[in-house]
Amino acid sequence: MNVSPPPADALSMIIAAALDEDRASFDVTTRALVPPEQAGEATVLFKQSGVVCGLDVMAQVFQQVSDEIEVTSTYEDGDWVDAGTEVAEVTGPLAAILSGERVALNLIQRMAGIATMSRAYVEAARQGGSARVVDTRKTTPGLRAIERYAVRVGGAHNHRNTLEDGVLIKDNHIEAAAQREVDLAGVIALARERSAHTVRIEVEVVDASMARAAVTAGADVVLLDNMTPEEMRAVVTEHRADPANRRVLFEASGGITLETIAEVASTGVDLISCGALTHSAPALDISLDVRPA
Amino acid sequence: MNVSPPPADALSMIIAAALDEDRASFDVTTRALVPPEQAGEATVLFKQSGVVCGLDVMAQVFQQVSDEIEVTSTYEDGDWVDAGTEVAEVTGPLAAILSGERVALNLIQRMAGIATMSRAYVEAARQGGSARVVDTRKTTPGLRAIERYAVRVGGAHNHRNTLEDGVLIKDNHIEAAAQREVDLAGVIALARERSAHTVRIEVEVVDASMARAAVTAGADVVLLDNMTPEEMRAVVTEHRADPANRRVLFEASGGITLETIAEVASTGVDLISCGALTHSAPALDISLDVRPA
Amino acid sequence: MNVSPPPADALSMIIAAALDEDRASFDVTTRALVPPEQAGEATVLFKQSGVVCGLDVMAQVFQQVSDEIEVTSTYEDGDWVDAGTEVAEVTGPLAAILSGERVALNLIQRMAGIATMSRAYVEAARQGGSARVVDTRKTTPGLRAIERYAVRVGGAHNHRNTLEDGVLIKDNHIEAAAQREVDLAGVIALARERSAHTVRIEVEVVDASMARAAVTAGADVVLLDNMTPEEMRAVVTEHRADPANRRVLFEASGGITLETIAEVASTGVDLISCGALTHSAPALDISLDVRPA
Amino acid sequence: MNVSPPPADALSMIIAAALDEDRASFDVTTRALVPPEQAGEATVLFKQSGVVCGLDVMAQVFQQVSDEIEVTSTYEDGDWVDAGTEVAEVTGPLAAILSGERVALNLIQRMAGIATMSRAYVEAARQGGSARVVDTRKTTPGLRAIERYAVRVGGAHNHRNTLEDGVLIKDNHIEAAAQREVDLAGVIALARERSAHTVRIEVEVVDASMARAAVTAGADVVLLDNMTPEEMRAVVTEHRADPANRRVLFEASGGITLETIAEVASTGVDLISCGALTHSAPALDISLDVRPA
Amino acid sequence: MNVSPPPADALSMIIAAALDEDRASFDVTTRALVPPEQAGEATVLFKQSGVVCGLDVMAQVFQQVSDEIEVTSTYEDGDWVDAGTEVAEVTGPLAAILSGERVALNLIQRMAGIATMSRAYVEAARQGGSARVVDTRKTTPGLRAIERYAVRVGGAHNHRNTLEDGVLIKDNHIEAAAQREVDLAGVIALARERSAHTVRIEVEVVDASMARAAVTAGADVVLLDNMTPEEMRAVVTEHRADPANRRVLFEASGGITLETIAEVASTGVDLISCGALTHSAPALDISLDVRPA
Amino acid sequence: MNVSPPPADALSMIIAAALDEDRASFDVTTRALVPPEQAGEATVLFKQSGVVCGLDVMAQVFQQVSDEIEVTSTYEDGDWVDAGTEVAEVTGPLAAILSGERVALNLIQRMAGIATMSRAYVEAARQGGSARVVDTRKTTPGLRAIERYAVRVGGAHNHRNTLEDGVLIKDNHIEAAAQREVDLAGVIALARERSAHTVRIEVEVVDASMARAAVTAGADVVLLDNMTPEEMRAVVTEHRADPANRRVLFEASGGITLETIAEVASTGVDLISCGALTHSAPALDISLDVRPA
């Protein structure tokens, strides 16, 4: 799978926090009933069809519980599997598998769900055009690093990761400046002056004239918010004509669904952002069949 | 609202981690465009009908960004509001409101969604009987403290919070013991011997004879997993007859939905656990209308 | 030794905090005088008879200082040894042994002391009956995980580990409710309603009539606080007669000593809790004879 | 009381760790039974005579649970009180008092016990001479900052606090050097060369000739380990004669008890170190009478 | 001063780490000699002329030691002061001022040094043209947040803050790709495909033909590394001619000094990056005259 | 090299903080362009002559990024190398080398700079006498552990490491006591009474009579602040005459430079402290030539 893995330290912290929250090392049932030396194994079963995602994450969950656990698989993240597929085998101390099971499942079900939905959106968008489907910052608090990874595994792309790696001027920022009698061009100039030259300046607009003002004032990316496909097509067409705007990007956003994304893509926008990829992807039904070895 | 709030330290850590993940204090756009002294205000608008949940959590998110922010509301967690209701007002430095907005929304949309779904399940169950609707450990890793709170706000109850505050003997534990030639009675005796007397022992069973064996061996709670309503009703009726079992509780679990919960409740079980309350509740559509004050 | 080890993460944090407090890595004497490559060895000598406890803890202390240190022993936690027994050998870099010595000793002397006292109490209680001897939350702040382990190694049992894994209604809680005009039955009902069904409800009582009220109201465990053996015997006898109360447990507490525990056990109570196991166990005299190898 | 308080950050971490270990914020009983707004109060009762110690520590425990709690007292740390004295009053939210009670008691009972024993040793030593009674590094892992404070409150003094603030050359260090053919003078020279000039060099010796060698080689402090009073008196007398040694200090150590300390002090040593002050001080019996206000 | 302050959480961590490193709360001298209630005051004296920087940072250092300390000043960060100016007054508990003094000075001397050097570079560059003077990632490990702030206070700008907020393709990346038979255009396309659209793509080049290739392949920023002013002027002139490249930026880097920066600025480049601003700025000589109040 | 390495835990925290600050694990450029399996190598080139310092630190930086990286060298810390020397080779995953490069360089350039300057001062001082050249607490906040190590590598010595491992009475402390009508002898007595006997008491003096008073009152070390060489010589000579003062040390401080240090050493002082060693050492110019293997 040709995508960057979740950053190692972020992943490690997510897993540690989750195990701590569940007090996995205080698992009274397993500590009472399963001797540390009893061997175990478990099968990861996809009960729904979807995109495999989170194999390494699951392995690291179990390895934080016991470094004697191993996870093996003939699949890799990004593979499509049908319902009923046994995707991986876990072997190691039974007690450790049982104590880590819930955290592992809670994470990979969510990841596989996001990857599966991302793929669906990407494939639908491709029917309409070549726009890049991107996620948003509407991720689960604390889990962004793995949810962004799942988006990539599903074939979609990531928007800015944090509030630092990109300027995104929204209606609120513009309104705030207006109160101080700074117009849109002034806002963009101020952002340029006070941000690193390594980040682009993206401006949210609501109609064609505002888009025109943004481009004129030097916006690098124009976010067309809640505009109709016709309106978006008109804006894109207008600006593509001028070679000086060749590098300006147009992003569509606002309530885009699996049903509408192809039409949006057909307008010629460069990017389509979908909060749904992370905030509304249903968990995939995955189970762990654990047993003594 | 008469439910315990999220534990203060757990909540504080969730919020700090979320703001750090988003690098809220490095918000390049807001830092460039909004002077620290500009005042702002924001309205929390419920765009869908549902249960209010997370007002204090939202307040604490903003207060971690700036202790000058205040949140006021005439509603409280647990109130039902119709779509279109303005539920709260946020006032304080505009820059701080903007930098914390996304994290605040990501949290309360999820919380309100869980509270709303919990209320629906509780009301449906009440049509069938008096069973307590309880959540599970299928929560979002890292967010259990606030998701459990949302369940309570919705009128449902919490199952054990961690792997420490209750013994729950599942099929895997029984199978592991069987390999060592320990039968169900032996497993329960072992659990009793090796756990604190302050936690109950719950045993997952799959049919009436296993339920009988568990009760005879001293289980405090019997988890009827994936049994039909008829099977459950028979088990409950059989054991209620004996005064010595008066204190034994029966819990139904396994794929229970809003449609089936009333019938399950009618079987006389004491508890009905629903993973869906936390793992499948859709986020409620809530927006924050931010503007300079 | 058939008891659960201290939870791995809790143990690791205890050791790290202790070494940090002692600034072991800044040990000016050893850093000045002992070259990192000089080999060392040390013998762990029990100068008093008692129960071996803490061998793994000691090993982990040294391994946090240097992963080249090894601890070997023909004994295991729980063995009784006479004064003068050499219980274990430590080998590895001499400097690391010297820098970790004090923390290692401080921990195992305390652990062996608790295990030894626990064993004495358990053996004394056995003269009177089959009651389970349990510890309390009167542990050394920060060291509960290893002190509880030492209690288990000594053959006693653990009470609830934290304020979360068991409801224990004390006189203060009852008094607080009384002020709000809620009686004992109301208190127990409220606790039941607002706690997870996986924890038992224990109620502290001071006489027979209060015990009767608690049982009638559904208490799972009755804590007989500072009652005489005769009073306790009467309470136990009264309730054992009714099969519906078969599952109710009785716990004796309050100033129980090595001298009185057998008589208390003879009353038929199920549990005897002794704060002394952890708050008053004298450290066992154990020394480390360190030398160059 | 004219002694330095525990360092603020160390104290704050001790309390946070203790409350976290006890999961005070997850106190299921109190959360179920006591509404946050119910007011409470509590009296701190010394059931044994002894030295007051830990009033501020107790206050900080409660304030970490709720910043609305206040502790007031007409006593201060260092005062002697008789059994039965009500030493302080706690007022604030009842729930917070109950959730913090156990941690507060666990800490102050230990602190008052150490202060009381320290005072006894200091008073006994004063019968024999003017030697300073000092503690050792045999403290409870994690609690050194408050145990050292209790020693000071009792009128004794502190030895080096960590492995960094003083060179203490023990038999092991000397033996290690001997293996590399470095003699005592060489060891002391090496320590001088490789340590900061701001710390003294203390050398443990076992007889008069070794003491003489240490002084000659430039030791600043000589630790007379397990020597008889006669031997110690001879060593001290010998060296005091020479003005060049006027600044050399002599410390007695090794199994010194309340019974023997006066005689040891009479030998003229400057310091007497007693591990017992911290590792064997019994907790003082202190109770908290909590009630609704 | 119209620049963004250091992010609050980063600053707070820097200060806490510095005080902990210095064991400020264990300051044996001050704890021995200065009673907590003795009042103190201190004057911050600039012994060299330069740019004021770090007043708030200093205030926060002292406030972490004691929240009773206040810092007042009639200057603000960014002001130029002559040698001998008393820039601020510190008042509060004398002990706390003394324990925090060293950390406070260590930080502000460095900050004022960087701000002063930055201003010199900015003023020199202005003689040649309008290029933005920017810092680099050659900051002191751990102190980036405050060093970047000092750069801004001095009137210069910040380059990307971390490895995340900007793509910067260096010779190593290009060479690595070449080994896999990917040319410069391929490298830029790959970076575009795999990075967020919110960050710009900057490419380091060493001559005019490589610059041309980078622009053609879509680079947003071209880093002219170690090129002569003549070469840089030629590159800039060539590309400015084409309106399609209007948005492309050119950055000069490599050994630029106070002497050469005007000439570099005169070439028409948009940015000049100087590692010296942070890695070679000498600390400004600032003293704190502390005294009892 | 015969000096103590930086304490392991302090070093590990410095590196982790630096990598986190740089968001090395989120390196968008390298993650986009260099596949994890591509091998790399790098040469560490000293572009200036100086003392090698930081080889292990650099190794640990890279190993925190990837445990597959190895650093090999035929040099060791403390060796003098000429400009142009290739001092070490780094091999391992290319991506990891690139993501850690900046942090590694930022650290070792500073360390080598300090070691090189320290050596120069030590060699200069040796021309005048045998005084020990020592550093101060004027270190970079957060980096003291490695800067002190670099000082040792350069052949100089360390002053007290923190505010805890030595009493240093400055003019402010004396002035504070004077306000309370305590004279110098009283201050020294108070410090003695309230500090551990394992630390020396150093007193800052400004002239001969104050030095005399300090010695008489029992100071262990006298800090001659900003005195002329003649004054210092007189003080030293005066006190050396009396055998009772044989153990008193004299330290020179205050604006000592490479030019003046030999004359200062010739006065017979025992120690010369130079803040410049850490606060003014220029970074050594060291580069890393990274390439695919």
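Order of writing sets the labels: A, B, C, D, E and F. Residues in every chain begin at 1.
Following the convention adopted for this analysis, a residue touches a chain if its C-beta (ideal position, glycine included) is under 8 Å from a C-beta of that chain, and two chains touch if they have at least 3 such contacts.
A quick note: this is a predicted structure, and the numbers were derived from the prediction, not measured.
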item	value
Least hop count linking chain B to chain D through chains in contact	1
Shared interface numbering between chain E and chain A [over half = same, under half = different]	same
Rounded Å distance between chain A and chain B, as computed from the means of their C-alpha atoms	24
Approximate Å spacing (C-alpha centroids) for the pair chain B, chain E	46
Centroid spacing, where centroids are CA-atom means, of chain A and chain D in whole angstrom	54
Of all residues in chain B, the ones touching two or more other chains	4, 10, 26, 28, 31-32, 161-162, 164-168, 194, 196, 199
Which pairs of chains touch, using the document's own definition	A-B, A-C, A-E, A-F, B-C, B-D, B-E, C-D, C-F, D-E, D-F, E-F
Touch list for chain A against partner chain E, complex	4, 132, 134, 157-162, 164-168, 194, 196-200, 202, 218, 220-221, 243-244, 246-247, 249, 251, 270-271
Residues of chain F touching chain A in the complex	20, 25-26, 28, 31-32, 36
Partner chain A, residues of chain B touching it in the complex	10, 14, 17-18, 21-24, 26-35, 38, 40, 94, 98-99, 102-103, 105-107, 109-110, 137-145, 162-164, 166-170, 172-173, 175-177, 179-180, 187, 190-191, 193-196, 199, 279-280, 282-283, 290-292
Interfacial residue positions of chain D with respect to chain E in the complex	4-5, 7-10, 161, 165
